[in-house]
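In what follows, structures are represented as structure tokens.
In the two assemblies presented below, chain A is common to both, partnered first by chain B and then by chain C.
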Partner chain A sequence: MTDALVTLPMMHHLLWLIPCAPLLGALLIIALDGLPTRAYGVIANLAVLVSALCVALLWLSGSWDMPVQTAYEWMHIDNWLLDVGFRVDRFTLVMASVSAWVGLLIHLFSTQYMRHDFGERRYFAYLNLFVGGMLLFITADNLILLYAGWEIMGLCSYALVSHYYTKDENVYAGRKAFVTTRIGDTALAIGIFLCFMQFQSLNLESIFQAAPQAPTGMIAAICILFMLGAFAKSAQFPLHVWLPDAMAGPSTVSALIHAATMITAGVYLIARTHVLFDLVPDVRWWVALVGAFTALYASVSAIGQNDIKRILAYSTISQIGYMFAALGVGGYSLALFHLAVHACFKALMFMSSGVIIEIYHHDHDIRNMGGLHKQQKFLSFAYLAGSLALAALPLVTASFYSKDAIIAATYTADHGAFLAGLGLLGALLTGVYSMRMYFMVFTGKARSEIHDYKMTWAMKLPLGILALGSLCLGFIQLPDSWSFGPHLLLPWLEPVLTSVALPEGHAGEMLELLGAAAAVIGILIAWPLTKAEVRSGRGVGNIGFLNKALYIDDLAKVLVIRPFLALCAVLGSVIDGLLLNGVLVAGVRRLMLNAAEVVSRGQGALVSRYVLLMVLGLMLIIGYLTVQL
Partner chain B sequence: MLNLVIYFPLLAAAAIWLGCRERGTLARSLTLAVICLETLILFGLAMGGNTLSLDAEWIADYGIHYHLQLDGLGLALSVLSGGLAVVAMLVGWERIDRWQAFGPLLLATLSGMVGLFAAYDLILFYVFWELMLIPMYFMLAMWGDPDSRRSATQFMLVTVTASLLMLVAIILLFIAHGVQTGIYTFDYGILKQTPLIGNTLLSKLILAGLLLGFGVKVPVFPLHFWAPLAYRKGDPSVIIMLSGAMANAGVYGLLRFTMPLMPEVTAAFAPWGMAIGAIGTLYGAAQAIRQEDLRGVIAWSSISHMNIAILALFAWQAQALHGMALQLLAHGLSVAGLFAIAALLLDRKRDGVYANVGGLYAQMPKLGMCFLFFVVATVGMPGLANFAGEALILAGAISRSILWGSVGAVTILLSVIYGVKVYGKVMLGPVNPRVPTELWDLNSREKAALTVLIIAILVIGLMPQLMIETVHLPTAELLAVNIDSLFGGVHAID
Partner chain C sequence: MNLLAVLFVSFLLFAIGLAVILVRRQLLFVLMGIEVMTNGAVLAAVAAGQYWHSADGQVLSLFMMLVAGSELAITLLLAMLSYRYLKVSRIDQMNQLQDKLDKEGQLL
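What follows is the complex of A and B.
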């Protein structure tokens, strides 16, 4: 494997191009005024293509063992030696491939999807910036640069979620996304500063090397802060509230956020810093718990949704939950595996959902859809591939190999049966909601008018590739217990990203069977459920408790947002209103006015006189001093 | 040379005042030319990287020297002041009337600022300080909202009181130093050779006087009470100078005259100073969130960001102090950008109260993009100037005190809340029916003003090392006062 197909010694001088090509693309789109609108799409596509090709060249040249490039000194003050530097290892390379290539497919799809839409130029600028931010985050060799990419993504999510800015709720959704994730950013930033305090370095490699000698308390604090950052960015319970609302943006944006960039960043962060997390297994276990719980919670919520994009949003939260469960038990490479698989089917489903919504004339409600299979065969098959991959249909879909391995891995941790139980239950429900969505949209009779929509190659090609990925990507890494077939990914990642030994013997076989059974049963339940819902007009989507996702969002409004605003108001009224302006300023003014009245002059003249006196005084002083000179 | 850069604007002010009594447009052009020239000279000096100095006896009886020394830090802040004056002029080009009066006042203020950044003698510093402040009062009172006179009055009263306290503190310092060493002098260069020893009542009083005197200008929490009203009511062009350039003078004064001149008492106060900075930062941000108008948000945001500089100042640590210098520049640029946006909206008869705006982006996408850029800079987006400052400050502050550093870091969250809120309320959402339909997007003059700021923010953000090197020598010199060696663990409150 390590033999290079082509030797490109230049490659480690070109690392900077991976994140910077899309960033420069965004800059070009902003700076070049007056081009025809299509040209901006072309620039954006080319920029990401450059990144994607660079990543491909890294694969071809076999340079995945830590090429490092330092572009320039960013800030150097004492021990704060901060460079703009990039680094690639095997883990980075897989992650960068997912982001760059899936990002490229989404860009390609967008050129047709967004044509004659609204604000195309702005859209492509942010889209490029977004991919650039993610690649910067992935390839950064120090914490501050990593944080820079992380923040750029936050900004882009804000701008793109509120892309259709003429509606207040869209603007609010964008704001909610930015602010909620910023909670995590703040934690991450404090964690980074603590890292600097402890290690007097910002470089990832040197921190990892020094970590074992550091006090455990400090490492635990840093890990907890990083964990909070990851939870917010990756929409884990209870910081997931922004993601369902983030569906206000174009569907392609959702595809980008969920598959190629932002949401997966939290997973990457913990995997990247796993050296620290390995030192504090107790903290790490909480990652697993929150992940497993979120996986179940979000799949419960997904069942109650009628909006096609909200179903997909909750499905992402749930799938990312599995990845966190894997991280929490030390199965880092398993999380990465599932991340790549998830990227394929989720990008596919979001982009398809955009087309579906256009076909049903911008109605998101799956209860008003139906019967699309006959009209759009290609779309139907692609979406079926995605839905089955989401449901993890055994043997033929990729996520069967990635997700079931995660469930098995959680079993090995403390309270493993509990964690695995949450995961299995979630897997069952995933089958239900995933296939309910598919059946409601594509089968039966059309419940509202179906518009014509012709997809060009620029849309079909990305969907086709992603559908293939959703089905076949799993075959690169069959379960360990199977003696046949390829086991390519995990052993190759082993030097940089470890995993845990999966349970063997009866427990292992049992979990494998249970995982497969959960998916199949879920899919089987979905069919009668959908039929009943179509017949009666009422179904799971009418259950308020599920539809409102257990009222967590409303609870947050009451318990967090309102008290916070009230606190701001109270502080302001007390400190500024009452103490400073009320007592101090008003008191002084009264004194002054009284004094003025004593002199029996108008109050308006007071200040002018005061200033005049001051000017005179100053002149006198200067004059005196000058004379002395 | 040093005298030239200080007095050139002042002389020009006198000439314009006398020469252009009735000719406002001529006065405007001349003022712009003078400020541009002044800024270019200062910029050239800053690039040269040399420290300029000049020392002469002035009033020997009282140990007052005519001692000027303009180092990298002072130069950087002076260039900022000049640049902001240019921006202030460009965005007030049509809106401000009576340029024959406004121009000279602006020039005099600028003169005062350059002078005080160069002053190396306490009395000289005080003279320039007053020179900077008095024109500001007239600019605040005579231009701005119709009811700006009241806030200007308040500004003046507060400022005069603070200046007085500062003067008393300076004189006490003169006496205390004389008693301690036998040398009675106001010369900063001599004073810092033999800093005041001991944490006595007298030194505490001096410190308190300086803190109040300079703190009002910053404005440090809780001395900020005059600022929101003044920032909101004054003409945005004036406020660009007041909040972007002049506020720096307060921090600069604290930086120069507290720790180096009386390290022990300041070190003992440092933990409290950090606490004040951190709390003030959060308090300012929390108030910005609840404002209902653009200028109110910017005002509180400015207060919040200046208090981070106070956090850095009292952390007295390498990263924090370098970060502070960057923060002063970055804050000046970004707050000027925001007030420039407010000015442009005012030119379009929009006062920025939420009820009267909304959905402006549809008509003015370019202005909207610039607005978003400044908001994003303000919230500390990496790659832009403010991030460089804030990251260094917070890293340094956390190294000194985990508690107050972390408290200050919460501003990362709060700033984004008010930032995107104000942007959304003004530019996005459905078009407000009260907004007239014929608003024009940026014209070339406005583009020029905003481009200057945007480029400066980008350059400092992407290559902060340039600025770090400019301010490194003076900062290193300040850091020679090592807080760690004083009082063992006084600063360790966490």
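What follows is the complex of A and C.
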């Protein structure tokens, strides 16, 4: 495998281009004024293409064993050094490929999808910045740079979610995304501070080397903080509330956030720092628990949604939950595998959903759709590929290979049966909501008017590639227990990410069968469910408990937002209104005025008063002199 | 003659003059008060001259009368001019040079 197809010794000098090309693209789009709007799309595409080609060159040149490039020395304080450095190992390379290439396909799709839309230039600038931030985050070799990328993504998610800022609720959704992830950002920042305190270094490699000697309590604290950061960024329970609302942005933005950037950043963060997490398995187990629980919770919520994009949002939360479950039991490479697969089908589905929504005249409600298969054959087949991949149909779709391996891996952990049970139940429900969505949109009779929509090659090509990926990506890594077929990914990643124990013998086979059965049963349930719903006009979407996602969001409103607003009001009236404005500002002013009045009365242009003061002064002087003498 | 009694009368004149200045608002009365005060001082000077058997006291008193007379001439002129131009004869209304503030504390 290490035989280089192309020898490119210069490749490790070009690492900086991977994150910087999209960042530069964003800068160009902002700086160059007055170009035709199409040109901005072209710039954005080219910028990401450069990154994607750099990543491809890394693959071709076979330089995946830790090329490190130090772009320049950022800070040098005494003998402490901070470089702007980039590094790529096997894990990074896979992740960067997903981000850059899926990002590129989304950019390509956007050029047509966003044409004649609203604020294209701003859109492309942020889109580029987003991908740049993610790639910076991935390739950074120290925590400061990693945090910079992390924050760039936070900013871009805010800006892109509230892209249609003329509507109040869209801006609110953007704010919600920003503020919720900010909780995680703060945790991550504190974690980084602790890292620096403990290791006197921010370089990832030196932290990993020093980690085994550090006190366990410290490592645990750092890991918990990193974990919180990852939970907020990756929308895990209970910090997931921002994601369903983040659907306010354009569909392509959702595709980018869910597939190539942002959401996957949390998964990457934990896998990147897995050396630390391996030292504290107790903390790591909580990652698995939260992940498995989120996987089930989000798929329950997804069943009750009628908005096509909200279904997809909950499906993302659920799928990321599986990845966290894998991380929590040490299956970092499994998480990465599922992440790549998920990126394919989720980008595909989000971009398609954008088109579907346009076709149904900006109506998001799947109950008003239906019958699209006859009109849009290509779209239908692409979406079917995505839906089946989401449902993890056995054998033919990629996520069967990735997701079932995760469920199997969770079985080996403490309380493994419980975790695997959550996962299996989630898988069953995933089949239900995924195929319910497909059937509602594409089959049956049209329940509202279908508009004409012609997709150009720039839209069909990304969808086609991603559909192919959703189906075939799994074939690079068949289950370990199968003696035939390729096992490429996991053994290849093992030097970087270590491997996880999978259940042996009957338990493993049982889990495999159960996983496959869960998906198939889910899909089979979906068909009659959809038929009944179409016939009666009432279905799972009418169950308020499910539709409101178990009222977690409303609970957060009551428990967090309302007390906070009340506190703000109290602080505003007491501290600001009374203390600062009333006492401090107005009081000082009052005092000055009164004092001035007293003084000015002394010189109020009354001669007799001057005389009086003069006499008093004289008497004082004389009295003083008398006392002195 | 009892020096103390004379000095007491002189102090009384001075105090009455001062009180007139402090209390009265008519310019003419204020000027009169000044004269009364001056006279008190003159009386003290004369008494002192008498006590020490020196002519200095009387010389001093002559000078003081002269000064008071000249001063009165000028101040009466000023009083007349102020009445003519400013139409006021009260010192509490002769405050055209003061800064006046409104309720907000701004200069009027």
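The rule is simple: the second predicted complex is superposed on the first by the 566 of 629 C-alpha atoms of A that agree within 3 Å, B and C clash if a C-alpha of one lies under 4 Å from a C-alpha of the other, contacts with A are read in each partner's own complex, and residues count from 1 in each chain.
Keep in mind that, in the parts below, contacts are C-beta pairs under 8 Å (C-beta built on N, C-alpha and C of every residue); 3 or more make two chains touch, one makes a residue touch a chain.
Everything numeric in this text was worked out from a predicted model, so none of it was measured.
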| item | value |
| --- | --- |
| Partner chain in contact with A:His487 - chain B first, chain C second, else both or neither | neither |
| Which of chain B and chain C A:Lys460 touches, first, second, both or neither | neither |
| Touched partner set for A:Val179, first chain B, second chain C, both or neither | first |
| Partner chain(s) touched by A:Lys548 [first = chain B, second = chain C, both, neither] | neither |
| Touched partner set for A:His76, first chain B, second chain C, both or neither | first |
| Touching partner for A:Arg447 - first (chain B), second (chain C), both, neither | neither |
| More chain A residues in contact - chain B or chain C | B |
| Partner chain in contact with A:Lys531 - chain B first, chain C second, else both or neither | neither |
| Touched partner set for A:Tyr158, first chain B, second chain C, both or neither | first |
| Intersection of chain A interface sets (partners chain B, chain C) | 607, 611, 615 |
| Of chain A, residues touching chain C in the complex | 593, 596, 600, 603-608, 611-612, 615 |
| Chain A residues touching chain B - in the complex, by the definition given at the top | 30, 72-78, 80, 122, 144, 147-148, 151-152, 155, 158-159, 162, 165-168, 171-172, 174-175, 178-179, 182-183, 185-186, 189-190, 192-194, 196-197, 565, 567-569, 571-572, 575-576, 579-581, 584-585, 588, 592, 607, 610-611, 614-615, 618, 621-622, 625, 628-629 |
| Touching residues (chain side chain C, partner chain A) in the complex | 18, 21-25, 30, 91-92, 94-99, 101, 105 |
| Chain B to chain A touching residues, read off their complex | 58-59, 61, 64, 66, 127, 130-131, 134, 137, 153-154, 156-157, 160, 222, 225-226, 228, 283, 286-287, 289-290, 318-319, 322, 359, 361-362, 365, 369, 372, 376, 380-383, 387-388, 391-392, 394-395, 398-399, 402, 405-406, 409-410, 412-413, 416-417, 420-421, 424, 427-431, 463-465, 468 |
